[in-house]
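Next up: the structures, one after another.
In what follows, subunit A forms one complex with subunit B and a second complex with subunit C.
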Partner chain A sequence: MTSKDGLNDVNGRNARTVITGIGITAPNGLGTEAFWKAVLAGHTGIAPVTRFDASRYAASLAGQIDDFDAAEHLGSRLLPQTDPSTRLALVAADWALTDAGVSPDTLPDYDMGVVTSNALGGFDFTHREFDKLWSKGPDFVSVYESFAWFYAVNTGQISIRHKLRGPSAALVGEQAGGLDALGHARRTIRRGTPLVVAGGVDSALDPWGYVSQLAGGRVTTATDPARAYLPFSADASGYVPGEGGAILVTEDEASARERGVQQIYGELAGYAATFDPAPGSGRPPALRRAAEAALADAGLAPGDIDVVFADGAGVPELDAAEAEAISAVFGAGAVPVTAPKALTGRLYSGGGPLDVATALLSIRDGVIPPTPTGAPVPEAYGLDLVQGAPRDRRVRTALVLARGRHGFNSAVVVRGA
Partner chain B sequence: MAHMTVDDVRRILVECAGVDDSIDINGDISDRPFDELGYDSLALMESAAQIKQEFGVVVPDDELVEAETPRALIDLVNGLVTEAAAA
Partner chain C sequence: MTRRVVITGIGVRAPGGSGTKEFWDLLTAGRTATRRISFFDAAPFRSRVAAEADFFPEAEGFSPREIRRMDRATQFAVACTREAVADSGLEFAGVDPYRVGVSLGSAVASATSLENEYLVMADKGREWLVDPDYLSPHMFDYLSPGVMPAEVAWAAGAEGPVTMVSDGCTSGLDAVGYGVQLIREGSADVMIAGASDTPISPIVLACFDAIKATTTRNDDPEHASRPFDASRNGFVLAEGSAMFVLEEYEAAKARGAQIYAEVTGYATRCNAYHMTGLKKDGREMAEAIRAALDESRIDPTVVDYVNAHGSGTKQNDRHETAAFKIALGQHAYDVPVSSIKSMVGHSLGAIGSIEIAACALAIKHDVVPPTANLHTPDPECDLDYVPLTAREQRVDSVLTVGSGFGGFQSAMILRAPEGVKA
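And now, the complex of A and B:
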């Protein structure tokens, strides 16, 4: 069988792409095990914004990463030239590579690439430079602004730091883009690059970045952190923006085994992306097609999937549309569905990769983390939403869904190694 | 206007662009190439605004990036300072 993108690896095989390293920076946990423990315990990272005075803003909550000191992890040459989003991405990449046991001499530098997604750019950095421009003049604007704001900067900085000179890319697709990065990493591996660092990280919680997110119109104005972001709840009122994400090490399985890899979390077995029809066309949204195409790409039937990590927009009409798509693919209530992102807020490009990491940990430990809302799910959704306690269950496969504003839909299937 | 010294170069570079943890930039660095000290052309350009503030001269970008060592940068800046004083 050929892959969906028609690409086999250099030896003509439809080689398996596996995930061998995970690096997580999330509002409710720094590092894989801290995050996973928080997810299973239902510890939220959502809280009132403390990074600036948000008292006159329409919204007041965010998934902030408060215990991250960039100077602890990155040298002072990097600090003047990086936005908080890039600092988080660099540290997540460090951790993922360490987890995978990869160093610059693991493979030739041109055999290791980087594919990241980013949706928001460097708001915080740019905000400061604009402030200097207006208050002091153009001479005071940092030359590093030239790239610190840019969507591709995380790919570039990770590449430079670890001497990963293979084919690299940056993808932008709002909250769907992080899954697209993983899909493109697999494509890159099938084209002959044995190892690709891939994922997504975003952060825009400075005053300008925050208000820009509010301008999108889907951020909740709720003030109780435990009752604010409620995916699939009858009380859903919008989402809470967060910061962070996950960077993964993806590898050609044969190459990973040949180098004596210490662990394989699972296989990146399926991927697909679709785009919604134009508003007013009367045609249905394309999330269902993305899910079906990812399953087909993985060679799996709906009944083979053990859990769905949903996009979980937290906006009633979007939740209803996603529930309808899931029910159409699997049958009503036929598959456990969860949205642990309710503990972090929506992380844009970081959301999909973090859900994939969470799915891999579910596979590893045989447990489905709950959606921590505790709020009733409308009957009409027909969802078996995992709520309350984690659900112990053997997990072999997971489908991860993500939607990006203005029509992006992406789906990834992961399977235990 | 004051003239620039090698200590000024070191201080301004560290303030504007940080320092590579693995490189010792103490001691006499006058003739050590900037790339060996961990600084690229962007780091020099980042320092130009501070140089302008302290020494009152504008170093054109194309001349700035030609300076390969602290000594070359000092000569460039002090030449401009002397020129400005004479004008």
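And now, the complex of A and C:
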């Protein structure tokens, strides 16, 4: 008996899930190669907020995507019904599917699904609809608001645009949810769906969305874009919120090869997620456990990992906690660590998938991208942080870490094909 | 060896009563909990009825700080979690916290709190550049609602995989499906799974007004939710939550746990058609049902009861009637089908879990809940929808389905342990 999504693993736990397409929309580069070039050159996408007058707010910077013309990429039907985040997600998905050489008829009906993470919803769009409701009345609220806002919007719109009818989902886990989406994509593939479009893209850079991000208390008030978001630096003062992310095409390896795939960037070899204990419980934080479980899931030992893409919160106590977890798993200074997300700002659901994409490019080109240089890394962190310039090195495997507010910890291991 | 997953604890906060028992009493009596909206002045709106829950956080045992910290939807989820955990009898202290996870469904999460904060910060829409002086410290958690599953995790001491599943109106079904998958594959031994939504607020009402999805039967609130009836004209917005303790079957059996039901099959599909519209043929929902039956390794004729999505919109009720006919064949005409949304309304992401609770209780008590307010069936809805009165009959295997914006179509099979009750 065959089942496309049996609760059992039809393809078996040993079937390999590979990444065959990448689509990137990031503040420092649109498209995979533009982004990768910017990352290696250390070009930042962080700048003073230009979408609105931020002079009354405590912070003033954001990772904005300014050179994106949605009308150039999407039909006129989609523009009035989509938030900026969904437009970016749709374009990233277009690029990923093109990169993978996939069209709606590549596989039989129901064999392709979509799993995205979303942490903020269509917030800019929603802010405008709230304004219409309260300044003009219910009759002025858009017929699109019911779906332009909710967290499932990107999954639904990508599904419709590309006729993907397989098992699909939307997950929310603040900044860690994007890795959970990749983990769930692999799960869905193992259960019998050969291809899943997966990742995350977020944006909430309207005034209300921006100020709401400040309410979290972790956004830096620094004003120099080059020295604002400095993960693991002694003068770390918080993060800069950004917009964008990455959508990947994940596939069952055997199915991908059978359809004559153009390229395989690497294997989604390991995934695990944990949650920190309740505040005041006295129990240890759980990031270390997530990293160890992801390595075990990939069948790898710490010594097998060539680079760690860190969560890099940019908040001293969170950086210290992450450094402690990395050192506990690998030994102090035993593995190169990097946080290129300091060039984009934190992208919420987009951060993890973009880091995975970056790790795959690192594997492809044999180079570790650097973290922007701030003040020296505190000795106590015991980190070999790749700073200043890219580090040439053969990269076969990478561990990607992501944490979400209140205790989400997710870890993904990618391995060269 | 295949790991099997069972429901061992249930918590419900639904309109018309508090707790699992009152919920079941309402359903089996065929009473409705829909009423004129009392939370705010709904006069400017097209649809002015809802199924509101009478929920009292102090009486639920929440401390003043918890009440300040937790959004209404979070309070519902935590109250249900506490009830489900107590109901399960599981000694969580004896379980490795890393083997306990959370899968919480919600469609619009903290929408109501977002709106409350907006009104202050934007001065009711007068200030596009919202005033930061009125920024609540909880505003971040309303924007990005990871705090909802976090509070559930803290309430249960879970340190394994924790996530929110937000698939619109199938969230409650999909969150439980997600939890089942994690136990099956070995990522967890226990999952706190379920869903919560408290969307009765002006902005959400306006969303559905705009597309005429909600009912206009404002002069008759108690009879406003009319799934499958010829006079139906939209769904009734509702709020609520249901949470479950899911356990690996052998472990549950070994500790002598009460087992409500085994989740034997789950599948979801997308229609890739329209964000809110449904094709008439129901083929994607039928495919999800087929796959869930397939996974359960049962023939459609084994199904004793179908819990319908039955939202009461014109298009939905025909869509799923068509889907049942494709997926169940002749048995679609023989098996009782009902919609509890006729009584507790449509609580968006939460209702899928509330309906799973109804299914588990139907198996436990051998009673099929009715479809209230069904007097004159739509000629295109020609199945046995159990009108008005609950039906006592053997219930060992149940199909429950959900359909939602974004095109999601989900189906789940629940069965008495070992297929039939002793």
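By definition in this document, the second predicted complex is superposed on the first by the 404 of 417 C-alpha atoms of A that agree within 3 Å, B and C clash if a C-alpha of one lies under 4 Å from a C-alpha of the other, contacts with A are read in each partner's own complex, and residues count from 1 in each chain.
Basically, contacts are C-beta pairs under 8 Å (C-beta built on N, C-alpha and C of every residue); 3 or more make two chains touch, one makes a residue touch a chain.
Since this is a predicted model, take the numbers as computed values, not measurements.
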Partner chain in contact with A:Gly113 - subunit B first, subunit C second, else both or neither: second
First, second, both or neither for A:Phe275, with subunit B first and subunit C second: second
Subunit B versus subunit C as contact partner of A:Ala58, first or second or both or neither: second
Partner chain(s) touched by A:Val143 [first = subunit B, second = subunit C, both, neither]: both
Touched partner set for A:Leu79, first subunit B, second subunit C, both or neither: first
Which superposed partner A:Tyr239 touches (first subunit B, second subunit C, both, neither): neither
Partner chain in contact with A:Leu164 - subunit B first, subunit C second, else both or neither: second
Intersection of the subunit A residues that touch subunit B with those that touch subunit C: 81, 142-143, 146
Contacting residues of subunit B [partner subunit A, same complex]: 14, 16-21, 38, 42-43, 45-46, 49, 52
Contact set on subunit A toward subunit B in their complex: 75-81, 139-140, 142-144, 146
Of all residues in subunit C, those that touch subunit A in their complex: 2, 5, 44-46, 97-98, 101-102, 107-109, 115, 118-119, 121-122, 124-126, 128-132, 135-147, 149-150, 153-154, 157-168, 171, 174, 178, 180-181, 184-185, 187, 202-203, 205-211, 213, 263-276, 284, 287, 291, 294-295, 297, 404-408
Contact footprint of subunit C on subunit A as seen in their complex: 1-9, 13, 52-53, 56-58, 81, 110, 113-114, 118-120, 123, 126, 129-135, 137-138, 141-143, 145-147, 149-153, 155-157, 159-160, 162-174, 177, 180, 184, 187, 190-191, 204, 207-209, 211-217, 272-279, 281, 283, 286, 289, 348, 404-408
